[in-house]
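One chain, chain A, appears in both complexes that follow, with chain B as partner in the first and chain C in the second.
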Partner chain A sequence: MARFVVRRLLVMVAMLFAISLVTFLLFIVALPNGNPAALIAGRLANPAEVHLITVRYGFNKPIWVQYIKTIANIFGGTAYSYQSYFNVDAEIEAGLPATISLALGAGVIWLLTSILFGTLAAIRAGRYTDRVLTVLSMIGVSMPPFFFGAILIYYAGYKLGLIPLSGYVNITNPAQWLWHLIAPWITLSILFVGIYSRILRSTILDTVNEDFVRTAKAKGLSQGQVLRRHILRNSLVPIISLWGLDLAQVIGGGAILTESVYSLHGVGYLAYQSVSHLDTVTLMSIVMLTALAVVVLGALTEIFYAFLDPRIRLQ
Partner chain B sequence: MSAAAPLLQVDDLRVSFATEDGLVRAVDGVSFSVAAGEVVAIVGESGSGKSVTAMTLMGLTRGHNARIEGRARLGDTELLSASEHELQRIRGASIAMIFQDPMSSLNPVYRIGDQIVEQIRAHERGISKSAAMERAVELMERVGIPRSSERLRSYPHEFSGGMRQRVMIAMALSCSPKLLIADEPTTALDVTIQAQILEELRTLREQTGAGIILVTHDLAVVADIADRVIVMYSGRVVEEGTIDELFYDPLHPYTWGLLGSITRIDRDRSQRLPAISGLPPSLLNTPKGCHFRPRCPHAFGRCTDDPQLIARVPDNAEHLDRCWLELDRKRALRVVGDQIGLVSPETVVS
Partner chain C sequence: MSLIDPAPAQLTDGGLPAELIAEAAEVGPGVGPYQLAWRRMKRNRVSLAFGVLFLLIVLLCLLAPVYSHDIAHIGPDAENYGTIKVGGKTENIVSLIGIPIGPTWELGHYFLGADENGRDVAVRLLYGGRNSLEIGAVATLITMVLATICGLLAGYFRGLTDGIISRVLDVIWAYPAVLLGIVLGTVLEVHGLGPFHGTTLLSTALVIGFVYIPYVAKPIRAQVLALREREFVDAARQQGLAHVRIMVSEILPNVASTIIVFIPLMLANAILTEAGLTYLGAGVQPPNPSWGTMISQGINNIPAAFSNVLVPGIMLVLAVLSINVFGDGLRDALDPRAKIRLGKDTASVGELSH
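After this line comes the complex of A and B, so read on.
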């Protein structure tokens, strides 16, 4: 176990390094967005001031020096947006509560719903329930969050007044927090439920034909016991690993559309704004956050994996 | 042989499956009985319906595309028409089953002990987990798994194939079944392990008096352990008799072919092992009359009529076969190159 953790940590560091290098080269070098010094100095600055900033920020230094400085700034909390002058880390920190609330709530909803739908579709494979669920998941997969979000806001929010129109309320007010998040959770979940329930359905249909399921029946277990203990437990591995990665992506600001539609000022919303301003420093910081989330949740998923399937520990 | 009231009586069992290509008649009118303490082997090649027969008795072939007809009585219970709930109580308790591939027959994500305990608790409501665990240890010791109380906590992948099959046997034993169905229990194992597992089955029969149905294509296994043999071909029984009758006085050409194609220590090793030429018929479209006719070198005009499975040896009502040939002709034709076979080893082109 200790060796597993150490090896895993080393892999995490190596991955973060590689990702930071690639994003730095992509965002700061390949996509310079003009002279950063001029951006910082503003429109009315004279060449002397621009030069001063170039030297102060080290934009004339070799690229590897600039890389180290940028990374040190991002991880040290001293990175500033060239366009908006805000402290990038503080801005991300301000967005995290909304984003994590969105991610965790939606994650639980989409995981449980797809386990329910996927199992139902599998045990009713080929029959009416299965067909209805197939159509529903197709709709879910092809439903863009901005469209579904707009419909929810208009009908459930504006017309019926069932949900608030937009915004995020801090968890210190739990009732309001929940009330404001219900619609975003549903909107974000719909896409994932479509995909996950399809994957689970096909995994279950594969597992049903396994010899150990036949053994379980031959033991005299009830259909429910066979389904829960032998079929479902063994079918959950693929979607659990997928879940970890998708959740990480949402935490890293991946739910750009959902956050924007509902004006949840989270990391995704910040990502959306930085893209539209070509705010490369902020973007790079968000990418690093996503990478960190993916790597950490990936490791957690792997541990959970080993718990679900004891054979994995040996590998 | 079988006592007045056999443990299991199967009458005219028919199993067919609706597939996209048509109706597959996997089992086509099979009847046999098993007495307590008796080992009945069902022999045949892949697709002969032997496994389907075995699994149908457990209710494992039921499904919306399966049609099951006939009768199968175990004591007072009619197995084929039993409700799913009744079957649940029978499976693993009155009838236990051991499967072919011990590598995949145990669930990889649960500890061995838990899988044995699961079966015990499925049939003995109210038994505590620790009591069931103790029983599991005893069972594992009984089937020769060393250090049982430790190995209880192992996962299937930490066991060898032979050890896993012992676990399967331990599980099958857990509720003292009256009938044990072993579906190719030794096929996936090394020969030395095979012998050990067969020994285990023999001990089990002696200790519990359970009847055993052994499904196999391995005649060496049959010779080792069976009392009676049922030879199946293309969904039907083609010959049935005691082990001595089958090995020393086989009456159906298919049985000759099976006997002729096994490796024997007294056979000239320079010759190729004779095989039965051709393939078994598709179960979608079986030949008219005798199903073995297209592959039988001794087929003649009458074979297009269905031969019945009846006793054809005078004064022996228990040795049945399904072949039109005269008894004397059979006894003459089956001897090829000093041995029983379908074709002479010399005629096999190498």
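After this line comes the complex of A and C, so read on.
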């Protein structure tokens, strides 16, 4: 076990390094001639000013020095946007409440709904309910969130006045907070419900044929008990591990489309705005932090699994 | 609850569901796996119908120039702020306060209304569909070709080759697809890479194609790892065949069904991602029409003309839905034991396109 953990952590560290380097290089390439000084100085700057900025920001240093400095800035909380001069880490922090509210609420909704739909579809496999749920999940995975969001905003918000048109209200005002988040939660959940319920349905149908289910039946458990204690408990494992990873990605700005259609000022919205302003420092920080979070969470999940299931350690 | 009494899925020898064994007994010898899959496919009317629907959409979009030239008599980028006659009444195409005309339901002009620049939505819808489908197709091609090569090399050679390829794929995989897409899209927009620069549709296709490689390469690699231990690969090696030959003519045919199953999935995803990236400003650049640009322009114009969101949106959902339903049927036909499952081996698919 200890050997597995050490090896996995070493791979994780190597991945962290590779990802930070790749992200950094991507953005260096993204800047005109690899020198953001011209960008910072603005359109009317003379060469002397550009040179001054180049020297002061250290853009003339070797690339590996710049890399180390960039990483130190991002993790030390001293990275500043070249466009707005705001502290990037503070900006990301300011976006976290909205993003976490969106992610957790939607996460609970999509997990519970897909457990319900997936189980229902599996129990009624091949019948009418199953077909209807299949069609619904197909529509769910085919629906872009910004299109669905636009429909909700126009019909439920603008026409009927049932939901607010956009924006986020801090949780200190719980009623408004809830009211503003209902539509984004539903919008973000739809895709995941489509995917998760399909996966759960097929996992349950696989599990039904396992020996332990036959044993449970043979020892006289009721059908409900077999379903809850033996089938569901085993079938939920893949869903829950997916759920952790997806939640991490959504918190790291993965809900960018939902956040931008509802103007929820979260991390995704920040990323969206930095794209339109070509604000490379902010975008780089978001992308880097998200990718790093995914790697760390992935490693932790794997170690946790190895702890539960000794077979994984030997692979 | 039929679930607890698994009559239809009862397992018999070899772990094959009884219905498949019955089917094998029924078709008899000499029927290849693809013939078998085709027979199953033919029985699945719903998914065939959706496949036909998708072909119709493709055909319509390919006929865009015909509609534009001979029926609507207006190009996709032509702006017209004049007036037209609808049902005997003369109406402004774009009203004085900037609200475009809604659908006229007359094939000759502004069948689906105009956008805020006075362009014909129906004409743009078809041209935009052509671009969206083209990007989707090219992106899918890029993903499938590169993923197959990566999966074959990593699975066949194992060791160092596998280590390098798998780690590179892991790095790509660690980024949320949409975020990586916008980063690469922005890089290409600013800097360009040979022929892929700025406003060409190809660069969007390249970005989307690249981002999804790990999602396909990982399952292919897993299959190749298992296949290379089989007797027929040993036999080929004993005959002294070259590695490339073994990979292409011995192993590739055996992963072909996986590749085929992934194609519609990836096509649907690529079309959705194009729309998403474009909505965020990192995909197709206006005035190029695509379903993504049309939806995002429509959203910017809410509430003046909601039909400008609905028309391309519904078309997009229809196209993606039809590919998905067809692809689902295709998977059932080619892979009835559901070995290939996006999401099982590749983990988080959820982030593919939100």
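Observations on the structure shown:
Quick note on the criterion: the second predicted complex is superposed on the first by the 271 of 315 C-alpha atoms of A that agree within 3 Å, B and C clash if a C-alpha of one lies under 4 Å from a C-alpha of the other, contacts with A are read in each partner's own complex, and residues count from 1 in each chain.
Everything below uses one rule, namely that a residue touches a chain if its C-beta (ideal position, glycine included) is under 8 Å from a C-beta of that chain, and two chains touch if they have at least 3 such contacts.
Note that the coordinates shown come from a computational prediction; the quantities given were computed from them, not determined experimentally.
In the superposition on chain A, A:123 contacts chain C only, with no contact to chain B. In the overlay built on the shared chain, the residue A:260 is in contact with chain C alone; chain B does not reach it. In the overlay built on the shared chain, the residue A:43 is in contact with neither chain B nor chain C.
In the superposition on chain A, A:246 makes contact with chain C only, not with chain B. Look at A:223: by the touch rule set out above, it reaches both chain B and chain C. Contact with neither chain B nor chain C is seen for A:3 once the two complexes are overlaid on the shared chain. Measured by the number of chain A residues touched, the leading partner among chain B and chain C is C.
Chain A residues in contact with chain B (one complex) as well as with chain C (other complex) are 217, 223. Within the complex formed with chain C, the chain A residues making contact are 14-15, 18-19, 22-23, 26-27, 29-32, 122-126, 138-139, 141-147, 150-151, 153-154, 158, 188, 191-192, 195-196, 199, 202, 204-206, 208-209, 213, 217, 223, 226-227, 231, 238, 241-242, 245-246, 249-250, 252-258, 260-261, 271-272, 275-276, 278, 283, 286-287, 290-291, 294-295, 298.
By the touch criterion stated above, chain C contacts chain A in their complex at residues 1-4, 6, 8-11, 167, 170-171, 174-176, 178-180, 182-184, 186-187, 190-191, 268, 272, 275-276, 279-282, 295-296, 298-299, 302-303, 306, 309-310, 313, 316-317, 320-321, 324-325, 328, 338, 341, 343-344, 347-351, 353-354. For chain B in complex with chain A, the residues that touch the partner chain are 58, 60, 84, 88-93, 96-97, 99, 101, 104-110, 118-119, 122-123, 155, 157, 168, 171.
The touching residues of chain A, when paired with chain B in their complex, are 210-212, 214-223, 225, 229-230, 233-234, 308-311, 314.
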